[in-house]
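In the two assemblies presented below, chain A is common to both, partnered first by chain B and then by chain C.
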Partner chain A sequence: MNWITSLFSGTSLAMLGAALSCLLAGTGSARGCGIAGEAAAGVLTEDPNKFGQTLLLQALPGTQGIYGLIIAFLILLKIGIIGGPAANLDPSVGMRFLFAGLTMGFVGLTSGIAQGRASAACMGIIAKRPEELGKAMMYPALVETYAVFALLISFLMWMGIAV
Partner chain B sequence: MTIVTMSKLRAIVPQSATRPLLKELGELGCVEIDSSADRLAEEEWAEVLAKYAAPPQAEGFLGGLASARELLDRYAAVKSGFLSSRRQVTKREFQDEAIVKQACADADIINDLGRQVAACAGEEGRLTARKASLVAWQGLDVPLDVKSGKHYRILFGVSPAGGVPAQELVDEAASKEAADLTLVSSDREQNYYLLLVYAGLFDEVMDALKSKGFSVVGFKDVEGTAAANISLLDSRIQEIAGERQVIVDQIVAMADKKASIEMAIDALTIESHRDQVLSGLAGTKKTLYIEGWTPAEAIGGVTAILENYGCAYQFEEPTDEDEEEPPVLLHNHKLIQPFTMVTELYSLPTYKSGLDPNPFMAPFYFIFFGLMMADVAYGVIISLAAWFILKKMRPPEGGVMQRLMTLMVYCGVATSIWGLLFGGFFGNLVSAVSGGMLGHEVTIPAILFDPMKDPMNLFILSLVFGWIQLMTGLGLNAYKLIKHGRAFDALCDAGFWMILLLGIPVTALSVLGGSSITAGLVVFAVGALGIVIFGGREKKNPVSRLISGLGSLYGATSYLSDILSYARLLALGLASAVIAQVMNTMGTLGGGSVVGWFVFLLIFAIGHTFNVVINILGTYVHTSRLQYIEFFGKFFEPGGRPFAPLFNKTKYIEIIKEGN
Partner chain C sequence: MAKVKEIKDTEYLYASARIKSMEKNLLTREKLERMSEARTPEDALKLLGESGWPEVPSPTMAAVEEVLSSRRSEAFALIRSLAPDKRLPDVFLIKYDYHNLKALLKGEATGDDAGDLQIESGRFPIRQLRLMLQEDSFSAMSKQMAESIAEARDVLARTQDPQLLDLILDKAMYADMLEMAESLNSKFLTGYVIQMIDSVNLRVAVRLRRMGKGAEVLRYALVPGGSVAISRLLGDVTPDVVEAVFGTSPLAAAAQTGAQALRGEASLSDVDMACDDALLKYLKKAKYVAFGAEPLIGYLAAVEAELTSVRTVITGRLAGLAAEMITERLRDSYV
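Showing the complex of A and B:
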């Protein structure tokens, strides 16, 4: 039963939190940027001059991955995996880190994909009315709000965990 | 700092004077002329007026000029640099018709050369294709126009590469008495053969070969061997390529005409815009009827021009009862003006609302943008970069680019100010480097507080800013209603909500002060009672009025979510600081060795560039969102039609004053 104990050790759980934060949010951003990129390529075949504008829209769903990375990095920093020495954590503390990472990870996953779809739809605006870029950016940006809130909560949780 | 008062202009102009009149009005740049199509749809008007058939003049030349410019771009492209500004031209030069005429003539020459180049390219393509069809026969020393004799047949043929193997066909022919099939060459698609066969056996051999995929090919207009033909084609292709190069050189030699062609494009675009306006007008045989708008303060200048051309005219101030909505022009202080582009991205206010949100929105935008970035160094970088672009590009005054970049200069300043208050310089660069690499940690003290250490303080500050902006929005709504003589509506729809919101700080302060919260509850109650009683005041039935009033009070939840939405100020403010900190931590992991410093510089440069770019984007979008949804939602009436005067808008050149 030693393996169970080591699996649910505080450090393992905290690392699982960091992994999920980076993994889920990164997947969301990758999917989102991919969806938007596919649509952007279509716009560019008609007018290569719109590269800058389409790139801007494609970059919007990329932030979730960064937020996930931040939370993962902060967790690793606090448990001493980075910049050591590694702390010997109680499982309950590790669990708290897991929850903090999960918040950012899960919202990052769903909002990244949703934002990518909104971005892809807004590529049509760039294709037909490039002067309306400002409005086109607002639709995907509203989706981003929830990723920002998740980042906020994850961060506040991380702040509150005493090692 | 308001919506500019517009005056309706109606004028009757002698037809001969129309063009010069429109030209002068265009230079003045403050008269919008509307199409008369609507008027002609009305019967009384149609009896007197007919649609004016303006002869289009400029449009025809523009196509030629544009394609000439494109040709020059393709063959004689001048590296224009990353940020290029428009060429400066004096007004006299701009209006010189000789230059325009010359440019049109030059464009014709260039286009003609372009057509010749295209013809050469076409011929080259034809010859190259022909050459490609002969390449397979290159190794054969038999002339392609070889004739069969009386007793033998000689011919060329192919079989598909993927079909029966070539050797099988050759063997098949060899098995016959007097037939010989030679494999000349093979490529990915076909095998190529020469067939020599006794005339009497021809049909039999052909049937046998055809069943294995063989088919005959013939050559038209070819003499001699394939190799000879190919070398002939090669020399011809070379010749034409040489000819084409000569023509291209001629185009390149005309590269210096590009400047005048671009100026002509600008001049003629303005003229074609005038043509368009003209073709929308209506008139009699000798006169034209003009209808449009001009800012009230410009009436003097417009009158002088109209008088000069002997026009009959009338100015009229629009009233609230008018059905027609005048166009909207905003006039703002120089400091506020860049912020108007944020509002314009959303929508212009309607003329009749009479309320320009920009002066009220600008300070919030400034504060929020700075709060979300909050870094001394980042602010300096943003301001300098935007200022550099402004100097280098010289974008048109009042255009989107000019306003956006000026806005960024201001926002950079705000970022630096907040950076000072929060103690941010490339995130926590100073303490990270001094602690991680130099061994003695030094921190810059925050003037206000460090949001990384006390996020709750920033959270409360964010909500306070949100509360202030919502109160301002409600106040503006009240002001707007009072201005339109609806003071009672102002009290009911804005006043009680303001009282309700006032309850929040009153309660909060008494909780902090440790005193009783009765005062706060009283304020809440007054506000809520007012909303319940007057929320449904349009209803006659007292019961449904009460229900409707309670429904209005339920709207308090949306105010709650509005205020909480300002938590994004905290979230984004932390995001930029945290990413910076992460970059610094990663950079300093290598310690104070030489390699460590190298790694640090690399991560520092890439990481912070990335952070600035990604955060400008996020900050810009979220600052705008707070204005559009939380703030504008309280009072703003979108849907104004922008004032579009006849105006000398230029794309390639910048008209400067004489003597510069």
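Showing the complex of A and C:
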């Protein structure tokens, strides 16, 4: 039964939290940027002058991945995987890190994809009215709010966990 | 045809964005009006050139038709290359096949080749179509098409009435289009074909009624598959019946014009116009779909409408019609 105990050791659980935060939020951003990028390519085929505007819209869903990375990094820092020495964590403490990472990870995944779709739809605005870039950016930017909320809560959770 | 698995709207991301970029190159009504008002037909064609159209070498209808036909082929080739399901443009091409079939079958009966009436844009090249008719090999065709050919030949031999042949082939054509749209799994496309069938039925009912034809002919001419059951049109087609039957469909406004036409207050071309407007209104919904099959379908329909408009303007100009008379005949534009 040695592997079960090591699987549910505090450090393993905390690392799972870090992994999920990075993995899920990163997936969300990758999908979102991919969706927006495909639409951007369609606009650019007809009008290469719109590179700047379409790039801005495509970059918007990229932030979730960064948030996920930040939380993962903070967790690894606190449990001593980075900058050691590695702390000997109680499973209950590890579980708290897992929840903190999961919050950012899950919201990052869903909001990244949703933001990508909104960005792709707004590529249609750039296709027809490039002068309305400011307005076109507002719609996908609104989705960002919820990723920021998740980042905030994940961060507060992380702050409150005493190792 | 077997149902294909549903295509996700995200598979249309590149295509939709590209089509939306191209939509702004479509001719606006304003541009078409300016063409109608240009000093000479040559000036009108020059305006066309300024909008990115290829140059028309001479101000004749034959030269214009050539450009129109190449524009059409280009648009269809583009959509075919962009769409995840390559059969998407076929729904729009079916009508050319049937158009050519009609010409060929009539030619068969009269011994006249009727080559100039054919349009080389369908799914089957005209040569192949002719060969299939000669050799009676219908395996490449849909069931509807093959059956309609047999029926049309039979009826034509008995009655010598080319109008009946048109009716038979039209019916098969709409059945073909509906089946194709359904097999493509696009609600929007199916809805488009259904509304097309409804508007054909409205037009036919009004037209035949004005001609004093009874239920017998109507039963033959009405096309099944629309949202309105054709049995409701088989009784006495009075203005009130037309309004009631189509009143709840998107064709309500067109039905009112139809009722007016039956009372003698509007012309048949007004009815056609109202039906076209209703169809365009349906298609315009595609403009509000960010990505999916809709923008592609809308674009194809818009290109076809654009070609018709250009043809209307240039024919009018060459015939020396006044600008108002030409613009009166122009339909609304998609963009």
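The criterion applied here is as follows: the second predicted complex is superposed on the first by the 163 of 163 C-alpha atoms of A that agree within 3 Å, B and C clash if a C-alpha of one lies under 4 Å from a C-alpha of the other, contacts with A are read in each partner's own complex, and residues count from 1 in each chain.
Following the convention adopted for this analysis, a residue touches a chain if its C-beta (ideal position, glycine included) is under 8 Å from a C-beta of that chain, and two chains touch if they have at least 3 such contacts.
None of the values given here were measured: they were computed from a predicted structure.
Chemist: After superposition on the shared chain, which partner residues are touched by A:46: those of chain B (first), chain C (second), both, or neither?
Modeler: second
Chemist: With both complexes overlaid on chain A, does A:120 touch chain B (first), chain C (second), both or neither?
Modeler: second
Chemist: Does chain C touch more residues of chain A than chain B does, or is it the other way round?
Modeler: Touching more of chain A: B.
Chemist: Check the residue A:128 against both partner chains and state whether it touches chain B (first), chain C (second), both, or neither.
Modeler: A:128 sits against chain C, while chain B stays out of touch.
Chemist: Scan A:142 for contacts with chain B and chain C and give back first, second, both or neither.
Modeler: First partner only, chain B.
Chemist: Should A:159 be classified as contacting the first partner (chain B), the second (chain C), both, or neither?
Modeler: first
Chemist: Which residues would you name on chain A as touching chain B in one complex and chain C in the other?
Modeler: none
Chemist: What residues of chain A sit close enough to touch chain B in their complex?
Modeler: Against chain B, chain A makes touches at 56, 59-60, 62-63, 66-67, 69-70, 73-74, 77, 82-83, 134-135, 137-138, 141-142, 144-145, 148-149, 151-152, 155-156, 159.
Chemist: Going by the contact rule at the top, pick out the chain A residues touching chain C in the complex.
Modeler: Touching chain C from chain A are residues 35, 38-43, 45-47, 117, 120-121, 123-124, 127-128.
Chemist: In the complex of these two chains, what residues of chain B are touching chain A?
Modeler: Touch residues, chain B against chain A: 345-346, 455, 565, 567-568, 570-572, 574-575, 578-579, 582, 585-586, 589, 614, 617-618, 621-622, 624-625, 628.
Chemist: How about chain C: which of its residues touch chain A in the complex?
Modeler: Its residues touching chain A are 10, 13-24, 290-291.
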